[in-house]
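Next, two complexes with chain A in common: one pairs it with chain B, the other with chain C.
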Partner chain A sequence: MADQTPAVGPSPGRIALRRMLAHRSFALGVSVLLVMTLMAIFAPLIAPHDPYATDLTQRLLPPFWHDDSVPEHILGTDKVGRDYLSRLIYGARVSLAIGVLAVLLSGLIGTVLGVAAGYFGGKVDAVVTYLIGTRLSLPLFLVALAVVAMFGSSLTIVILVLGLFLWDQFAVVMRSVTKQIRSQDYVRAARAAGASHMRILWREILPNVREPLLVVATVEMANAIILEASLSFLGFGVQAPLPSWGLMLSDAREFMFFDPWLLTIPGCALFALLLAINLTGDGLRDVTGRGGVLR
Partner chain B sequence: MLKEIRLDGVKAVLGAGALALVTAFGTSDAMAGPDDDTLRIAWGATGPIDNLDAYFNTNRTGIWFARNVWDTLVFRNLDEGTYEPLLATGWSFPDDTTLDLTLREGVVFHNGEPFDADDVVYTLNFIADPENGVLTRGNVDWIENAERTGPYSVRVHMTRPMPQIFEILSGPIVIYPNEYYAEVGPEGMNRMPVGTGPYRVTEVQPTQRYTLERNPDYTWGSPKGEASIGTLVIREIADVQTQVAELLGGGIDFTADISADQLDQITGLPGFSGAQSETMRISYLGFDAAGRSGFEPTQNPMVREAIARAVNRKAISENLVRGDSRVVNTPCFPTQFGCDEDAAVIWDFDPEAARALLAEAGYPDGFEIEIYNYRSSSWAEAIIADLAEIGIAANLNQMGYFALRDLQHEGRTPLYLMDWGSFSINDMSAITSRFFTLGPDDFAQDEELAAWLETGDSSPDPATREEAYAKAIARITERLYWLPMFSHVRNYAFVEGLEFKGFVDEIPRFYAYSWR
Partner chain C sequence: MLRYVIRRFLLALLTLITVSALAFFMTWLSGDPALAIAGDTASAEDIAAVRDHYGLDRPIVAQYFSWAGRALRGDFGVSYHFDLPVSEMLATRLPVTMTLGAASILFALALAIPLGVLAAVYNNTIIDRAALTIAVLGQAIPTFWFALMMMILFGITLRWLPISGGGSWAHYVMPTIALGYFATPVLMRLTRAGMLEALESDYIRTARAYGLPIRSILFRHALRNALIPVVALAAVQFGFMLGGSIVIETVFSLPGIGWLGYDAILRGDLPVVQAILLVVAGFYVILTFLADLLNAALDPRMRSAG
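Right, the complex of A and B next:
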């Protein structure tokens, strides 16, 4: 924390930026993530074809590195003749939307519970600890199966299931960080000055849990994305024909021995996205000095 | 209808993985089949056989198993289209609801029990009794009871005239040994099936693995012929990719669960052969015309017509099902008795007309609909893309067969892509009457239609039956309770050296196979 800034020299923001740029894996992660995010946002402008448009006469065309590839489908086509590149680009939307929205939801739940437990302690802490324990005892796939059986499966359901499920890490980390902070002098000072709990939480606690929160968020985002892919792969996730990388992998199984590119392309995309998110998270931890060694 | 796929069509592109598998394991193990006279079979993509007792499963593979282990009273000669003696050597009908059977002498069951009238009487009376809970009631509910009229003669009293009786007697009705079955029941029959058929069962690991050996006593001149291959080892493998991996790696010699795409690819590899045949199974797009799900649009005939005109059945049949699959316009398979193609109203692919119809029906901007599917999602996805063209946003609900069937019985499916294989019974009653006689699968709830089908099912006069069935076909296709889609194909892949023999009714007779 740069709370003692010298009068002259670079501002704290610039220092952080410089550190970030010097941290190579962080820079790499952020760049890939940025590219994927832009790809997702501008998918309609970038994608060469409609990702839903089928052409049954043009199915299973190979990608460009094969001799009999077709120039208008650089990455080939899938089992019903949809352009693979376009589906890959739109798939980034699904993955990122699920990652971001599920993490927003679970982050909100986890932070509220964790901060409350850490700050108030006592009975509140006991209740929250109990909730965390309960949550950890529930197997995600069993719950997902039950939810799909009851409500069917859709993008919204997947986001809700993951969002309502992945808050435990947030709660655990927020609880322990808040516990540390609440005994800090500035919190005590605020309390002595007569500040209300709300004010202390809002002005003193929350700003100081921001970095660990971000680090947990990146880990959980990667987790949510891989879980969506797994759920969709097993048929409990989003439904076809929505372009999801997990679904693309699932569809490709039938062809894995003979058209392995159908499997490798979405697999590599998923790998790159998860790697980028994890590199970003690690880098964030490093450059903010929270829980890691400064470079 | 059936064709052998030869090796000269080797595909230019071979998957690296497949080739690696073959080169790694294929050469030595794959040849093990002929060497130890054992055919290793994998099946089970739609689930393992719940109970090997033929009356207590509804699996397609249950029929396959039954044909090889048990015998029926009558043999259906598929090539000639005739019925020949099997366990019964003669039959006559003193009246419309009585059947006299003369039985074959000199047949023995696998456990040594000799076959006689007591076995037939016990089996027929057992399956006719509703208390015993035979799963497919339609196959047995025509039997009132059976009585012994001599050591090798039996009289069967029927509850109603049964015009398609020989389809039933040559298909689902297999004969059990009375002493053994009385002692062990369906549970024991599952643990160790005993029949008179060309293969006898020597080992059963329920829902996993069955070992069958050639029946040395099958020498009494059965029209099925004696088995050639010594041992069959059948493994239930639910995942088709695992089956393919096992085939390529030499773990199995035969699979019938693969897609046409996989067939092309496997037969492109050295050491493997394949075959494909059209089956009696047809897919259909079903509409909730009666409004059981409460969904408005499908109750409107114009909407159903719009959907029927929007779906490019030919493209799906030719490009996705492939092979010998063809567009079917009747709510039954064209070879089935009564399935008159001329009676059907044919809906040609015409998206322009579909759009106009939809607007006329009051949905110029289309609507959202839930479509249900349990088989290959490619077919449903192609339909969804076709519907999107005319502005209908269809959401896919992909689920397992039994889950979907339960939803249907609850009446919750406005639009569904389903299929039916008729138990390979070459008679329209096995499909159309099952779905349109006001039962839980009936989304038309058309009483007039049900009455016609009832007439068709029970009238002894073929002309009356045909006429009633033709009316039913016209009604179903005109009002579009179903849009009949296409016929299915069965794709077989196996090791080279197996003399495969295909049958048009989707039932592999392993007793007819041999090693080259």
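Right, the complex of A and C next:
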């Protein structure tokens, strides 16, 4: 009976935070992601050299684990003598900018379509289902290559192409989540109380799709970053001399026989970033216990 | 069920028509095809002759219908660059990509199903976590980088496998692993989830209560039910692979439609790009249609929902 006093426990947000920090792989993912983000933001302060400064007398210097490395260039230099570490640090900017901006655009498109389909059902649902099916049947990479070939390669074009193409999973997941929420009592109550569709969508539906939305966003962010790297690797991504990890890998390819470290270093950076994003997403899914994303 | 099949079929048909229209008009947006065929150095008369020869002066909608009609009969026109029928080029390239796709999906399933079953049976143990780690790593490794790393190790350092071309089965080993490993995580997760669900279901409990051997319960009952959605997803993944093998084929110089598509885009060879887009999308639409039917046949709720 002594327990009857209203327990002032931790708030739901604090409980969630505690669960997140207890989730080791999530904590690891978020930490790496945070470090990389800071690295990208403060690149001019951290990078030891100008990432664009070439020096033809200092070409293809090896990284620190080789005997003939030089201390000024810890990770060596590329084929025109640019500092590899500085390009790596600046490269995080390109990957993260593409990941974030493409996902903002695709997330907006996918959420609008998915929520509309799930909430209104009927004809709206049929049209959205058709749009999702059509988008999925287009071979993404081939179309992206063709579009970049048409409009020229630049950071903006790559962000636009990926943003306009990666909305399908957002729409699929938002549609099914909204369908579930729509039949909840609080939504019915709001409707019975005479709330308009816009008000219900804004006040009742959107706050409740946040968690699965975030989970899909991490998956698609990783996707966008892989795609940019692949496009740049094939010469259809961002333009040289912009420091992008995909471009660095592309340049490194001709030296893979004698200087494989040129491939290993940017590849590991890309791998670490993608792993961090995926661990964050998986952790979010575990902690919130929702968002059955299937790919 | 029949209503569902018909509706789903109509949707697939509508999707294909849309994709064909997109393929046709998209490549038209990229500039004057007569100029692309005639080349940069062509005179005005040459361009006019080309335009006349290929029927490029007719209304665009009429051109679409005659193009789509011919495509239905397997005639995709003539390559601007090679001056060969596109259908012939596809016929030599498609088997390579199909082989690669089939080998990759089999590799992925061979890895994903045992891992998924183990992870479910030994749920929340070190085995489960190891399987999950493999999945997480697989999702994070960029396919083309993984391919290059394999090339350095198996092709250059150890000299076990050829690093380019498509002459023998050995040429397919690394591309298969690179492409297949990327598809493994989702298939593994789905197998694991399906097995977990099956193992907790009433019929498995009943089978256990009757004292059926655990091996028979796992493989004859639980796995069989868990696998149907996995097979359906594998079919969809196979469709993705046909379109997604561009980078891998280019890296390994494997002469499939992916590499052909990349080359065609570099050269502005529109008929080839259109044909590949259409063929890949066609396969994908058919595969997802079959996968949906498979899932619907399994799920009584979907059957009645129509």
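We adopt the following convention: the second predicted complex is superposed on the first by the 283 of 295 C-alpha atoms of A that agree within 3 Å, B and C clash if a C-alpha of one lies under 4 Å from a C-alpha of the other, contacts with A are read in each partner's own complex, and residues count from 1 in each chain.
To be clear about the criterion, a contact is a pair of C-beta atoms (placed from the backbone, for glycine too) under 8 Å apart; a residue touches a chain by one contact, two chains touch by 3 or more.
Just so it is clear, the structure is predicted and the values come from calculations on it, not from any experiment.
*Asks:* Figure out whether A:L234 sits in contact with chain B (first) or chain C (second), or with both, or with neither.
*Replies:* It touches chain C, and chain B stays clear.
*Asks:* Which holds for A:L274: it touches chain B only (first), chain C only (second), both, or neither?
*Replies:* Touch status of A:L274: second partner only.
*Asks:* State whether chain B or chain C is in contact with more residues of chain A in the superposed arrangement.
*Replies:* C
*Asks:* Answer with first, second, both or neither: which of chain B and chain C does A:F257 touch in the superposed model?
*Replies:* So A:F257 meets both chain B and chain C here.
*Asks:* Same chain A residues contacting chain B and chain C, which ones?
*Replies:* 149, 253, 256-257, 260
*Asks:* For the complex, give me every residue of chain A touching chain B.
*Replies:* 52-54, 56-57, 59-60, 62, 66-68, 79-81, 149, 152-154, 235, 239-241, 251, 253-260
*Asks:* Can you list the chain B residues touching chain A in their complex?
*Replies:* 12-18, 21, 240-241, 244-245, 248, 259, 261-262, 265, 312, 315-316, 318-320, 377-378, 380-382, 384-385, 388, 395-399, 403
*Asks:* Given the complex with chain A, which residues does chain C contribute to the contact?
*Replies:* So the residues of chain C in touch with chain A come to 11-12, 14-16, 18-19, 22, 26-27, 29-31, 136-137, 139-145, 148-149, 151-152, 156, 186, 190, 233, 242-244, 246-247, 250, 258, 261-262, 265-266, 268, 273, 276-277, 280-281, 284-285, 288.
*Asks:* Under the touch definition given earlier, write down the residues of chain A that touch chain C in their complex.
*Replies:* Touching chain C: residues 25, 129-130, 133-134, 136-143, 145-147, 149-150, 222, 226, 229-230, 233-234, 236, 249, 253, 256-257, 260, 263-264, 267, 270-271, 274-275, 278-279, 282, 294-295 of chain A.
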